[in-house]
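Naming follows writing order (A, B, C and D), and every chain is counted from residue 1.
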Amino acid sequence: MIVILRKNPEQRQLENLIQWLKSLNLDVHLSVGETSIILGLIGDTSSVDIDLIRALDIVEDVKRVQEPYKNANRKFHPDDTIIEITADVKIGGGNKVMMAGPCSVESIDQICEVARRVKAAGAEILRGGAFKPRTSPYAFQGLGETGINYLLEAKKQTGLPIVTELMNISQLPLFDEIDIIQIGARNMQNYDLLKEMGHCGKPVLLKRGLANTLEELLMSAEYIMANGNQRVMLCERGIRTFETAMRNTLDLAAVPLLKDLSHLPVIVDPSHATGIAKLVKPMAMAAIAAGADGLIIEVHNDPPHALCDGAQSLTPEAFDVVAACVKNLIPLSFHW
Amino acid sequence: MIVILRKNPEQRQLENLIQWLKSLNLDVHLSVGETSIILGLIGDTSSVDIDLIRALDIVEDVKRVQEPYKNANRKFHPDDTIIEITADVKIGGGNKVMMAGPCSVESIDQICEVARRVKAAGAEILRGGAFKPRTSPYAFQGLGETGINYLLEAKKQTGLPIVTELMNISQLPLFDEIDIIQIGARNMQNYDLLKEMGHCGKPVLLKRGLANTLEELLMSAEYIMANGNQRVMLCERGIRTFETAMRNTLDLAAVPLLKDLSHLPVIVDPSHATGIAKLVKPMAMAAIAAGADGLIIEVHNDPPHALCDGAQSLTPEAFDVVAACVKNLIPLSFHW
Amino acid sequence: MIVILRKNPEQRQLENLIQWLKSLNLDVHLSVGETSIILGLIGDTSSVDIDLIRALDIVEDVKRVQEPYKNANRKFHPDDTIIEITADVKIGGGNKVMMAGPCSVESIDQICEVARRVKAAGAEILRGGAFKPRTSPYAFQGLGETGINYLLEAKKQTGLPIVTELMNISQLPLFDEIDIIQIGARNMQNYDLLKEMGHCGKPVLLKRGLANTLEELLMSAEYIMANGNQRVMLCERGIRTFETAMRNTLDLAAVPLLKDLSHLPVIVDPSHATGIAKLVKPMAMAAIAAGADGLIIEVHNDPPHALCDGAQSLTPEAFDVVAACVKNLIPLSFHW
Amino acid sequence: MIVILRKNPEQRQLENLIQWLKSLNLDVHLSVGETSIILGLIGDTSSVDIDLIRALDIVEDVKRVQEPYKNANRKFHPDDTIIEITADVKIGGGNKVMMAGPCSVESIDQICEVARRVKAAGAEILRGGAFKPRTSPYAFQGLGETGINYLLEAKKQTGLPIVTELMNISQLPLFDEIDIIQIGARNMQNYDLLKEMGHCGKPVLLKRGLANTLEELLMSAEYIMANGNQRVMLCERGIRTFETAMRNTLDLAAVPLLKDLSHLPVIVDPSHATGIAKLVKPMAMAAIAAGADGLIIEVHNDPPHALCDGAQSLTPEAFDVVAACVKNLIPLSFHW
């Protein structure tokens, strides 16, 4: 960590600052220049409160040299984390995974039928929302507990493990037999929820917030890991930019960068990122080509009121094609 | 609401769609052009699920004509909402309010001393964080329940009502004597928390999320209002952009625009928005000039380890100046 | 085009507006609802000045139904544009192209050596900057005319066609033997330059501006095409967002979306987009997987002062690997 | 400037780097830590090519401590720049200025009538576009030379100095009697144009690009100043963000920050920033309250086809009110 001081600091303040930094078990290197003084802090700075230092009168700026996360940091854990969901389904370390299913669980028939279809196409994990975060209080908020029960029935019928979103701590008892807990983009910095995820002992799929940096995503993973749960997957699902042609801007360079910074698996959600069905296949292919450890894709079999043959979430038929293409691409991606 | 159809829709699909829209109590106007067909939906569309329609195969795009919020909409409630905090302190409808206090409650002495100072300078509400959302799990997370008790002691000593942040529903019992509950930017779309705020019966200060549009802010207010609580204040505190010279970009045009769209009071937080102490005064003045109903400003009296004379949150002395300037500006602002 | 009127417009104004719209050869469909009146405009609206209509007192909003570009629009030109650079090098319509070379031309030896190396690795076009747009007036601004001559010498030695940036119209006479003129991101909306490109008769590589939408990119292509030059390539090179971990955010979903909206070839620049050498390979692969018609990649052989073995632009050795991987991926991409 | 090296650099490379930095007349301070080595560079680093250093293999990151601009930097020129337009009209150093006029010059009657009206209301400079940058090649591109002549006629009739946009160097001869040359947002990084502005000897109003940081704006001013012209005004006119409720997001905190970083006058354009007529007054007031040295406001007297009584640019009547309010606010703003 580097602390840049304002010009001509009071000597007493400077000494106090250095004294205090040393009391945090840091070595302090002083460089005195013509227009500024620089302090180099050597040691473990991950628990230093950077805002506190930046707030000091004599400080002009503070710049980190080291990442502020440890558990999630590849420097300290060079090997890929591999998360075992079942005996057959592993994620990370070269194990690529396909998660698929409807946006919302709507009925027992719908979810079981989609489960069968995506399993047949090669998906290894079933997704589906029982608790739905909706911008409008007047929109459908999900089936809740009933939706969880339908998902568990689909799991029983197909053997597919389940990933579904948890929106608040009080819902946790319902998630006992759920295999992966999803923390949605809007809750990426709901720190109490993250701490609870640290204690829950289940794999967590942590979605990047719409306006969150990769460092913040890793810090949110760090919240879970520092509280005891190392089984975290990071999910890129698009960020908010000025571009309005797609719902969000899928940040695929995040994939190799996150894998460089961290040992955690990285999953890509091309459906929510783009909001456009015809972009799902090219973005799924691109995500695999960029090194993603898995995909999570929306598939829907029950067009509302039979009006649509191919809605923005894929039909099972369209998903068959995506899954087949991805399956062909994966083995090649190991040779790059 | 306007539904733009793809070219040459199947006749059966088109009829099904129109039938279904009519079943939602909407009048449907059909315009057939050379390259597209347009449906104009007339009636109350606020509870229509726009994503569902957009997902239909025969639909190219859907555009709203009316705002999707009702309770928060000035069209349906032309008069300004006035929120009475105490017999003396009202917010909205021409009543301007100054909230001030430290970022975090640190000790009983600190909070009581700041309370006295900001009251003397003219602040009418004391702010201070007991539960702190922090990006890093290793940073200070606030004093929690103890912090709440210190705030209540400061209220007892000075008579100032208290605004402080609630991060999760389980903390609610501690907020019995708190006057205004703050929902932080990171929780602006924590919908379960918003619903609970609808039931809690207390005034709510709802901060805009870093990547949230004004419409989304109003929809989050709508969550609280639709669940029974009409006493909501909107707070502009900066949005995330590419600019890195300030912490966030304070969107002051949001003030007159929100006041045009909605009857709810609009508060501005220049401290968090900019993160730079010397910008607080000009931005406070600008906010009042733009028509804000109040300000929430960070004031700190306990420079850490006596190192700083003027940290990024204002000293009480600096706040005296800001408060005096604002006090002079407010009466003028009514003549514009 | 849809015009949404304010509530209760004056009858005289409404009639004037309709009259005027009809004078533009548009059919006007009137839908009168409870809370608003909607005009549907049928006909060729691409030359209607949307801002003018939006500025009218009685108009609340205007929404386009059709794209405002024609020449660049796939709806009117369903077949892929194929741009023939030389007898051997074609771009678009399934012809994938690799452009490579240094950021700046620095010396005759450097550019010729890089040209040989990238040609050996499979590149078909040589890139290199002679005129360099630099944020700082104190930074190296390129070799200018000398740089152009060095590029032409490299072309002579290797046979590789050249793509290089033109920054202003007065430089055009120097570009006689240049094969592709690059318009940089900062000049994407330099309309006088675009018009000149319409007259110049050479293929143009048009880079997306850092804050420009895809529609604006297509409108800038339209400037060139409407002025007579149909040989335009669109280049995605990253947009500016709040994320600071990479230089820009590469928007790969732009690739399939642009190819859906337009018949023009789409090229991806992973080097400038990310600014990080180790991200070039995964992003190059992802771009091809997403359907890009080509890549433009920075390769540098002359590490400044021999200090660096692998700078942020790739070494020729690293490029050999990227080019080989891309070459293997391309034939597969046709089967998806 | 601080250079952070990768772990365990090769000794030879490190020595080469230090040697080279010293050859640039910099002192180099070496701090060796457990996990990284830091070089502090002391001396004039404004002409050091930061990208070149960052590109070195052994370098992990480079961070500036000093601003990369000199001429525009308040540290080196503590006093406000005052730009004298005429004997009566000065800008900066406490001299506030109001510029007003139509978006485009449309006819001799229109521009002269608006000129009279805005002069009567208190405007001191007439704005109006003769060359118009338009997103669409099919939209009105301005009257060009004729528009310039109309502006000069309005100047003759009213005595108001003129500010108007120059889009390319070849138009410069037409600007002989123009008082202030405006460089538009889309040309903020058109470096050849900026260099020419350095030689032209006229005051320049430099508009911030839609995706440009304040540092980049100052660097573009530096281009003009380093080429010999110190009379530059900076203009904040909104940046591009995810928010779609306004045309752009007006960044008013830029005003005090720019005035802190630089001695140049700062002008605010509330009309283009918001694109909404009713936001112009509150944002004009807020800009003055934030410390702006002037405003540039759109006023239009010729509603197209008599359809609109109050378009999005203000009518002269509405401008009368804005100008009167601003006039009242200005003297107060000196006492804050």
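A few notes on this one:
FYI, a contact is a pair of C-beta atoms (placed from the backbone, for glycine too) under 8 Å apart; a residue touches a chain by one contact, two chains touch by 3 or more.
Being a predicted model, the structure only gives us computed values, none of them experimental.
Chains that count as touching both chain A and chain C, per the definition above, are B, D. Set against the C-alpha centre of chain C, every other chain centre is closer than that of B. Comparing the chain pairs A-D and A-B, the larger number of C-beta pairs in contact belongs to A-B. In terms of their C-alpha centroids, the spacing between chain A and chain B amounts to 27 Å.
Chain B and chain D have Cα centroids separated by 31 Å. With centres defined as mean CA coordinates, chain D is found 39 Å away from chain A.
Across the assembly, chain B contributes 211, 240-242, 244 as residues in contact with two or more other chains. Within the complex formed with chain C, the residues of chain A that make contact are 211, 213-215, 239, 241-246, 249-257, 260, 273-274, 276, 278-279, 281-283, 285-291, 325, 328-329, 332-333, 335-336. Within the complex formed with chain C, the residues of chain B that make contact are 2, 4, 27, 29, 31, 33-36, 38, 40, 42-43, 60-61, 63, 65-66, 240-242, 244. Taken in their complex, chain A has these residues touching chain B: 13, 16-17, 20, 46-47, 49, 51-52, 54-58, 68-69, 133-141, 167-170, 186-187, 189-193, 195, 209-211, 216, 219, 222-223, 226-227, 240, 303-313.
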